[in-house]
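For clarity, chains are labelled A, B, C and D in written order, and residue numbers in each chain start from 1.
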Amino acid sequence: MSTFGSLYRVTTFGESHCAAVGVVIDGVPPGVPLGVEDIQPQLNRRRPGQTNLTTPRDEKDRVNILSGTELGYTLGTPVALMVKNEDQRPGDYSEMNLYPRPSHADWTYLLKYGVKASSGGGRSSARETIGRVAAAAVAEKYLTLAHGVEIVAFVASVGHVTVAPPEGYSAAADHEKFMKQWDSWWTLLKGVSRADVDAVDVRCPDKDVADRMRARILEAKEAQDSIGGTVVCVIRNLPPGLGEPCFDKLEAKLAHAMLSIPATKGFEIGSGFAGTEIPGHVHNDPFVATGDGKLGTKTNFSGGIQGGISNGENIYFRVAFKAAATISQSQHTATFDGEDGVLAAKGRHDPCVLPRAVPIVEAMASLAVMDALLLQLSRKAAASLIPPQPINPILTGKWKPQSSSAPTIVANGEIAGEAVESDDK
Amino acid sequence: MSTFGSLYRVTTFGESHCAAVGVVIDGVPPGVPLGVEDIQPQLNRRRPGQTNLTTPRDEKDRVNILSGTELGYTLGTPVALMVKNEDQRPGDYSEMNLYPRPSHADWTYLLKYGVKASSGGGRSSARETIGRVAAAAVAEKYLTLAHGVEIVAFVASVGHVTVAPPEGYSAAADHEKFMKQWDSWWTLLKGVSRADVDAVDVRCPDKDVADRMRARILEAKEAQDSIGGTVVCVIRNLPPGLGEPCFDKLEAKLAHAMLSIPATKGFEIGSGFAGTEIPGHVHNDPFVATGDGKLGTKTNFSGGIQGGISNGENIYFRVAFKAAATISQSQHTATFDGEDGVLAAKGRHDPCVLPRAVPIVEAMASLAVMDALLLQLSRKAAASLIPPQPINPILTGKWKPQSSSAPTIVANGEIAGEAVESDDK
Amino acid sequence: MSTFGSLYRVTTFGESHCAAVGVVIDGVPPGVPLGVEDIQPQLNRRRPGQTNLTTPRDEKDRVNILSGTELGYTLGTPVALMVKNEDQRPGDYSEMNLYPRPSHADWTYLLKYGVKASSGGGRSSARETIGRVAAAAVAEKYLTLAHGVEIVAFVASVGHVTVAPPEGYSAAADHEKFMKQWDSWWTLLKGVSRADVDAVDVRCPDKDVADRMRARILEAKEAQDSIGGTVVCVIRNLPPGLGEPCFDKLEAKLAHAMLSIPATKGFEIGSGFAGTEIPGHVHNDPFVATGDGKLGTKTNFSGGIQGGISNGENIYFRVAFKAAATISQSQHTATFDGEDGVLAAKGRHDPCVLPRAVPIVEAMASLAVMDALLLQLSRKAAASLIPPQPINPILTGKWKPQSSSAPTIVANGEIAGEAVESDDK
Amino acid sequence: MSTFGSLYRVTTFGESHCAAVGVVIDGVPPGVPLGVEDIQPQLNRRRPGQTNLTTPRDEKDRVNILSGTELGYTLGTPVALMVKNEDQRPGDYSEMNLYPRPSHADWTYLLKYGVKASSGGGRSSARETIGRVAAAAVAEKYLTLAHGVEIVAFVASVGHVTVAPPEGYSAAADHEKFMKQWDSWWTLLKGVSRADVDAVDVRCPDKDVADRMRARILEAKEAQDSIGGTVVCVIRNLPPGLGEPCFDKLEAKLAHAMLSIPATKGFEIGSGFAGTEIPGHVHNDPFVATGDGKLGTKTNFSGGIQGGISNGENIYFRVAFKAAATISQSQHTATFDGEDGVLAAKGRHDPCVLPRAVPIVEAMASLAVMDALLLQLSRKAAASLIPPQPINPILTGKWKPQSSSAPTIVANGEIAGEAVESDDK
């Protein structure tokens, strides 16, 4: 319902016009240094009203830590975070109450709850994402400290204006050029930083493309219209072995996380939809030794995940956002009672949510990988406590078969735990 | 881990070389007529070896109902279903043990579990999906009986060969033509049936496109290569109100479900990635009265879901599958120990998994909506038991505001439960 | 971790010295009239400092509704409730930091979290129960409105002073007298009200026993000591059919709920430990027609639950509380470092927590049955949507077998849903 | 519903007359040596028909490992275990169908599911516990290997015949004698083994008491009656730090686990109900250094758990079982239709289930602690990965305060992880 995760459990609360929005995080590791200064910056990045591209309302979302820390460290108990709503009027019961807003949640919330609240589909408001971003800032603090994980998202397209993606595969095409474009893409993902992204108002690190995106957004603003786009996100330095093999594959958790963000319409991991046209002998990522006794992959069409489990390479994915449903022009539609009419435009609205979506995409990525990490830590720790087994032919990859059809039982004294342990230092 | 759903809970078990694969389904409603004849057909549709386009091995997967039914009806207790593995050899410890297969799960399973089983990433095998398809057949039996739900998937593209999708949006383009193409698309989704789909070996209902798909697959086969594609799925007659508003939006559950299928790389709902280019005033779906006191939408860019909640329109989505990782040609890669080498090809492999993926996509869709339905039934039933409240201004959409800024408290005697109850008959 | 329930999900947060304690409730049915006035009274009943029997500190716990309601009705979205801590000092780093308090959580919290917070085992503090009591007040509001459920707890013993329990069974004893005592017990449970209980400071409705309890508590106070006791709780008007058949039997959920209250040491349902001495032919509760087409039971040794499922009779159970660990006398013990020493007494402490435990026991009972109810509502609603089956021999209890060894297939047109529906009007 | 645990997830299936009963275990650590020989013995101990005290039917429950192991080691994937039912007749549709059996689940299952199956409350049958015992044998294999955990249960009372429990507390009584009796009790729990228990048919290690228990059981058998009793269980060598602080206290999980066993009526941990009469200054367990840098407790009234968290001392608890509801004499009761009548006795039934309950109590204890252990391993592993913090006054118990009111910030370089790590080697 309103909870995400099984070991890093995030439960958000609040809608547009209640007293406060916030989150309770259960499962925060004890001993993490944590203060408001770790959380507020991401909330600020999420906040609207920062440039003339976004809606002018300044929500001034100041976070309060209600519980779970003492003297600047987490206790291991639930961390509750709260942001007060400044506008707590129970809503404006006028035209909005006659018309369900098209492509909004007003109508479906009424279908679901039988309740017609002033805030319409209150929980579907972007304001609900405050709790997510706050919870993710705590997760990120841990992920950075413990593993040096880096999660960076950026606007990859606005309408048809897009950061040059790799060309589509064609048997006839220049293979070398095809691979070069993918290499450039992987190189971009290797280097891009939040500083790069935030240096530009539209949060696209490619300044030329950013200029055209800005123009496209202003065009929508001019036309009292809205426009969608895509956000790309990369996760670097994530330990391998994360993700559960069956229903909770890491990409499935990420897809779940991303499609839970308001206004999203799609998700793709690694080569994604474009990859469906690349034949297997090209798409397969060959292994190479990385020099530290591990294996890496030469290419990364897989997007850092194989069989649902992280392999240590960079994870990257793309999320589609539709044009915002609230627009500054009137719309022909029907009232709740089914009468045809015109829903008048009211106020000015954000013509493009993409720049604000960037920290939310990063946030949901943090929550997904943090939960996967805590699950895998339990498995690894449990396996490491099994005493060495005298004969254990199927454990460890270092074991070499002597013949083709039967396992050679060797007393190698190696244990699952140790083998696993060495994987992600 | 290996469980999907919270009220319709599906737990699969089994890997390639163990005694059996199967599933335990907890939460099956009591009183559903159920026999092997309800489950076996979908397993047969999933089975490889049916045409010369798929791998020749015939697995003959006969399902056994171990528990949960009596005299042909479900008891409401866990339904356990089992399919024996015919090939239970603990695997072939030869070359496959030296090389982790590129873009397979062999390497990541070793990273995750510290165990190198003969079947490599055993749970990532398509064979694991038997349990899912069987569990979904039970869900479908209920969904059909209780709501007349129809779930139909088909192959929408193989490589670059694709069922003509609606054209991309462009401000300059012919708006009428743009809308006509989308209308054709929605019409196709309204009418397509499993019979249509199964009438063609590649499971694409458009015969001309199917011919070109077949050619593309045979080309891959010839080249000892593999090729990916996309599957589109439509869900019809689903009650409105399904999906939870925050993390468990219906599209998020569907995305989770789809990305948990082996070899998937992407998911999009409704207008999807193409929709990111459509401006808000076009993309918004205006409401219209449906004549039965409800509202429908004129267009369906939303894909039947708004704010994470089903609105009663058809739900449709697309899933991307990469080219199969197992190919019939040798590959340059590295051994588990990091030595460069060539993994020799062995046997013949399915050049395109798309046709077999169709029932699996349908299955995961069934599981996702069945779980969402049981959750919503609890909420509706709970609300319907609250006695009428004397004044209840925010309940029911039929209430009309008298003034613009304050709610008019009316003693309308209408209750949440009744209002909800009437929504999905 | 810090969440209770699967459909009525209660997540508490907060420890002694943080900014606030509280709770997020997910799964509250929409349309429930709810205000602070529904929650505050139970918090007041929980509050210490009300009589000279309890600790004098007045915490003045005022509840704030942060989210989930509008115009006095629940929205169906998460209800967040918060109570500020008045004393937010990060603790007193003196002697308490040298000594883990005996039979407190200071030592085990350090073992668990590796963190030594000023509040010791902060989450094990009775203050954490504020969130539970608040969440339960919301559940109770619904349970009362929708089903007329009544939950009443009272102090049944303090030390050796006890409300006369039924005599132990002995084959030699007077059977009539034995049954009479149980009948009196069941009669007491049928009639006792919260008003009766709150009319007496020790919250025992039997005034004579209450006088002796009070004396026992004052004796402990005098001796700078503490004393335990038991609380009995009865749940009336609960719909039948609640509780899951296997791991989540209703008594198992209740036991879980009760043993999660600080300082509890035991739980018994119905005849409980005394019942282990009663032979089967006496202990079995024979069925009788109740006149409305249902069955009741003549006796109620079962405590209203059979096979883990409520049968419509009153549910009653007993909870054991140990003497409070914090006492007003010094104690020989060891420091964290293992040095022998004397932990000096500090301040005055509540000699007996039993009276304050009464609303907490009621609260946890509410949470357990509310969750079980929402689960069963989903199952019932799902079954009721299955269309009538032509032949359905195993459905409905009204069907009569014609012969002893084979089922007679009759076309009775009765359906699971209808049969179930009539059970709990 | 039918699942127990969150990281060691056990899902059972099957009822009396279906094809098989069994269990799927998700979350088994990889690399555990496991074969049928690890599981069958506990199933044999659970099996009826072993002495003339139990029901003569020999079910011959042979377990099959369907998945999750290879070459004798667990893979980390779901382990599915199955036991075929020999008697798969869909039941005897005679008198049992007219009468719901008193204090059985026939009536409540009909209320819950609207289905009247031949096996009555099929899942409430003791046969369902086969899956639990099998799953627990796997957990025990791990617990023994990794931690040397020992779990031993025994019959502590049959009817009024009881293994001498410690005397009740009385201020007037001989304190020394009181403590001596508790010391004997704790000594008994320290030493008792499964071999001791199984050496006696009634599974009570005290032979004199066992003789009187046997007589009491035979008396019940003679009288065509049944009799209840209690089982005591001790868990030794459990690592400290297990159990979650709030709702999922270790004793709450144990209580949940125990009350989910058919026919149970009560649970008490440590001093239990008797402990409610012991004043705080006696009941508190003072700390003592154990010589290895840790603390133990001089007494163990707490039962090895404080604040819901294991402290490293022995955990012990008692479970109450009512007299079996199925008796070999006729009973006055009502039919499903509410007509008075006599339910005739049929066959011979087990007069006392206590000896068979012993392995089931052990099994549920294993499942509860295994799940708690995996949760804590994740937390410990996560904390251990946080790099040393320069100043961290609240971490580690070795830090000594310098003054009473303010923390002295010391750069101790000690980290949560290390402190935790050293706790349970």
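In this text, contacts are C-beta pairs under 8 Å (C-beta built on N, C-alpha and C of every residue); 3 or more make two chains touch, one makes a residue touch a chain.
Labels paired with UniProt names: A, B, C, D = Chorismate synthase.
Remember, predicted model here, so these are calculated numbers, not experimental data.
Number of steps on the shortest path from chain B (Chorismate synthase) to chain C (Chorismate synthase), with steps defined by chain touch: 1.
Chain pairs A-B and A-C differ in how many C-beta pairs they share in contact, with the greater number at A-B.
Per-chain Cα centroids separate chain A (Chorismate synthase) from chain C (Chorismate synthase) by 40 Å. Taking each chain's centre as the mean of its C-alpha atoms, chain A (Chorismate synthase) lies 22 Å from chain B (Chorismate synthase).
Within chain B (Chorismate synthase), the positions touching two or more other chains are listed as 1-3, 12, 27, 30-31, 70-71, 73, 76-77, 90, 112-115, 117-118, 123, 245, 375, 379-380, 383, 394-395, 407, 415-417. Per the touch definition, chain D (Chorismate synthase) reaches chain B (Chorismate synthase) in the complex via residues 1-3, 9, 11-15, 17-22, 24, 26-27, 30-31, 64-71, 73, 75-80, 82, 90-91, 112-115, 117-119, 122-123.
For chain A (Chorismate synthase) in complex with chain D (Chorismate synthase), the residues that touch the partner chain are 6-7, 27, 29-33, 70-71, 73, 76-77, 142, 145-147, 245, 373-375, 377-383, 385-387, 389, 392-395, 407, 415-417.
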